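Chains here go by letter, A, B, C and D, matching the order in which they are written, and residues are numbered from 1 within each.
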Amino acid sequence: MDAKEIIARRVALELRDGMLVNLGIGLPTLVARFVPKGISVAFQSENGLIGFSAPPPEGMENRDLTDAGGGFIESLPGAASFDSATSFALIRGGHVDMAVLGALQVEASGRLANWTVPGKFTPGMGGATDLVAGAKRVIVAMQHAAKGEPKIVEALTLPPTSARRVSLIVTELAVIEPSDEGLVLRERAPGVGVAQIVACTGARLIAPKDAPEMPLGCD
Amino acid sequence: MRKSAITAEAAAALVFDGASVMVGGFLGVGSPDRLIDALVSRKARGLTIIGNDTAYPTVGVGRLIEAGCVARVRASHIGTNPTTQRLMNGGAIEVELIPQGTLAERIRAGGAGLGGVLTPTGVGTIVAQGKQTVEIDGAIYLIEKRLRADFALLRAHEADYCGNLTYRLTAANFNPLMAFAADCVIAEPDEIVPSGVIPPDSVRTPGVLVTHLVGRAR
Amino acid sequence: MDAKEIIARRVALELRDGMLVNLGIGLPTLVARFVPKGISVAFQSENGLIGFSAPPPEGMENRDLTDAGGGFIESLPGAASFDSATSFALIRGGHVDMAVLGALQVEASGRLANWTVPGKFTPGMGGATDLVAGAKRVIVAMQHAAKGEPKIVEALTLPPTSARRVSLIVTELAVIEPSDEGLVLRERAPGVGVAQIVACTGARLIAPKDAPEMPLGCD
Amino acid sequence: MRKSAITAEAAAALVFDGASVMVGGFLGVGSPDRLIDALVSRKARGLTIIGNDTAYPTVGVGRLIEAGCVARVRASHIGTNPTTQRLMNGGAIEVELIPQGTLAERIRAGGAGLGGVLTPTGVGTIVAQGKQTVEIDGAIYLIEKRLRADFALLRAHEADYCGNLTYRLTAANFNPLMAFAADCVIAEPDEIVPSGVIPPDSVRTPGVLVTHLVGRAR
């Protein structure tokens, strides 16, 4: 199981029956593959659709039916399509129960940065700033480090996406919950020790020695 | 995500006395008549009704007024209902009149996570009293605050098992806006059809917004 | 020809081909009967429809298809229906070319009052405040006096509907245009003299002695 | 009110150099491809493009960037188009990045006669720089100003002779909003049908908003 699958599987366990969920482009999209048995969730794509899965059957792609990453999707019975203002009314208005996003950095206070490395690469915020402002729960799904550098830092060096604290950080090493007291280690990945997590984290971690092992959902 | 339908009576029991309740409809057209009947039957009291108007004494929201269910009204027009006028003048009902377009935008803002809207409507009139104004590129706008409610009672044309709604002609009016702006959204459709019968592009209110569907009378 | 017909006929001559027009409840509704030959206009009803006429054939009434006054209408091929926010986006956004409204009073500056007689009767503004704020042209269609009292006054005694000056006032006696200089008499009704109009008007009128006679559209 | 259709070339000739142009589409899905081609062919220059993104170098708005038609971009995301990124970093194109939901609301406000909207999105970040804030019932909101353009170029699924438009699935995106917010609205439908074929409840953009329809290629 690679890092991305660990992350996607663990995030999927945060899903609850009946939720409306927005998955960001890239890694978060994988979460859809691991929806736990017996629960039913609806996915929203911010380009204007609720109720889809991917990919569509080969040869059945429709040029007017894609997700927010531009990939072809299949609408499901009971799907609803709408324009961008309505889509963000859903997002900003708190109608999305959970948003899963990638991040470049998350800091000790729980703020994330994910849309610009000033002077280097600025893809833009897309829907991220609205999702972080409006979704009921915001989960960061990201690898613990990038090129050996911790992505969880004491203070952001990149511009924050929102002033809001995210609900949970899930990496291939740990589940970390931002709180008033700081970042709390909630779970460690199978076979990963607390010391290793602390060493790979650039911010102070409230790390109980007996942090339980991450469940990953069994198939 | 499939929903199951409840009766109008069960829905009316959820709407507690003193609640703020958005009710769709325009002079009764597009109002949820069975829900209104059930509220009258259960003798609801002290409701704050938010809607375009109070229709006529025997029609739509007017029946809630007539039955003594209503303590407060926020609407754009009450001229078609002499009872509302009389109760307002006598102090038995508090009425806040709001320009119709402003009412629509305030409800939309409430559902869309916006703090409010900046509108030219009402600037320089008594509608502006007590409200902040902002100048943007040389023009003056009123800050009109978001509006939300405990409940939204909608009438729809079709609903599917997922709660997706369609409306018909001028019966849509405030219903699609209110679907976003209440903690509990109860929709009374003319018909319920299986998921997949309403094409995605025909859905006007995504089912995720609908808390309860009122099923056909049994 | 009664007063209402004179007013409706004269207002109808303000219609231009391709206009989107909103007619208020009551007298303004009559304007639809006198659309000049050879021009095509679309009517908007603020409860959510463009493209209708009235009444529908007997027995064909649909309870979900009415105008803003609650009367049954017939949608025409090419009609479009929409919710109240969209309807007022059309109105406030300047997409309605002409609005025709009744008034309780109009004052010398061109402001109108039409939704409350404080302490007596307050029907509410409905869509009037938005229509006056947003329509490209606003035409007041009303009888010149009420119970012998002039409705055109030097200064409103009722609360104004909008700070905006209306484009034109059409009564059964005269066509009057508010301007920076004040109210200008543009036309007089057939058989009505300038002196009579001045006598029935409660505000100063800039009244050229040779004001032309009102055209009323011939069938 | 019947319209007559014009060609994509005639439409592109209306869009003057230096104009501000809203273009519908999301990564090219729902973009008016024939209009974009015609703008490239006529070598349009100095355009300000307002839209969700700049798609890919060979797709949608990306082709306008690639062909040197664009001086300025207001979008929520440019990460899929390396050319935009390169021209921005080199100073050849000016890019203003706007949160996607804010972009949608600013365009909607521009079309709806509102001065702007009050949004929580971006509060406490660089998005808020230079913008007024307002406190409403204890929460802070940014004042985000209305956005309008000289032209809106839309892709629709069906149009009828009156200009009424429908969209399909995720190809709607910004198109219905832009239809309200430009002085000249040009729609490129996949198909044109007689009036009455699109039922009133299926219309997503009332034809009164559409200045020109682009007819089928001849």
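Here is the rule we go by: a contact is a pair of C-beta atoms (placed from the backbone, for glycine too) under 8 Å apart; a residue touches a chain by one contact, two chains touch by 3 or more.
Predicted model, so just to flag it, every value in this text is computed and none were measured.
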| item | value |
| --- | --- |
| From subunit B, the most remote chain by mean C-alpha position | A |
| Separation of subunit C from subunit D, taking each centre as the mean of its C-alpha atoms, in whole Å | 35 |
| Whole-Å gap between the CA centroids of subunit A and subunit C | 55 |
| Interchain centroid distance [CA atoms averaged], subunit B/subunit D, Å | 32 |
| Intercentroid distance (Cα basis), subunit C paired with subunit B, Å | 29 |
| Subunit B residues counted as touching two or more neighbouring chains | 105, 108, 112-114, 119-120, 167-169, 172, 200-201 |
| Of all residues in subunit C, the ones touching two or more other chains | 49, 75, 81-82, 85, 88, 91-92, 133-134 |
| Those chain pairs that satisfy the touch definition | A-B, A-D, B-C, B-D, C-D |
| Residue numbers on subunit A that touch subunit D, as the complex places them | 45-49, 62-70, 75, 81-85, 87-88, 91-92, 115-116, 121-130, 133-134, 159-163 |
| Touching residues on subunit D, where the partner in the complex is subunit C | 1-2, 108, 111-114, 160-162, 164, 180, 194-196, 200-201, 203, 206-209 |
| Sites on subunit C touched by subunit D in the complex | 18, 20, 40-42, 44, 49-51, 75, 77-82, 85, 88-95, 133-134 |
| Residue ranges of subunit B touching subunit D (in the complex, touch as defined) | 105, 109, 112-120, 132, 134, 136-137, 139, 141, 143, 145-146, 166-169, 172, 200-202 |
| Partner subunit C, residues of subunit B touching it in the complex | 26-30, 52-53, 75-80, 85, 88, 95, 97, 99-105, 107-108, 119-127, 157, 167-177, 204 |
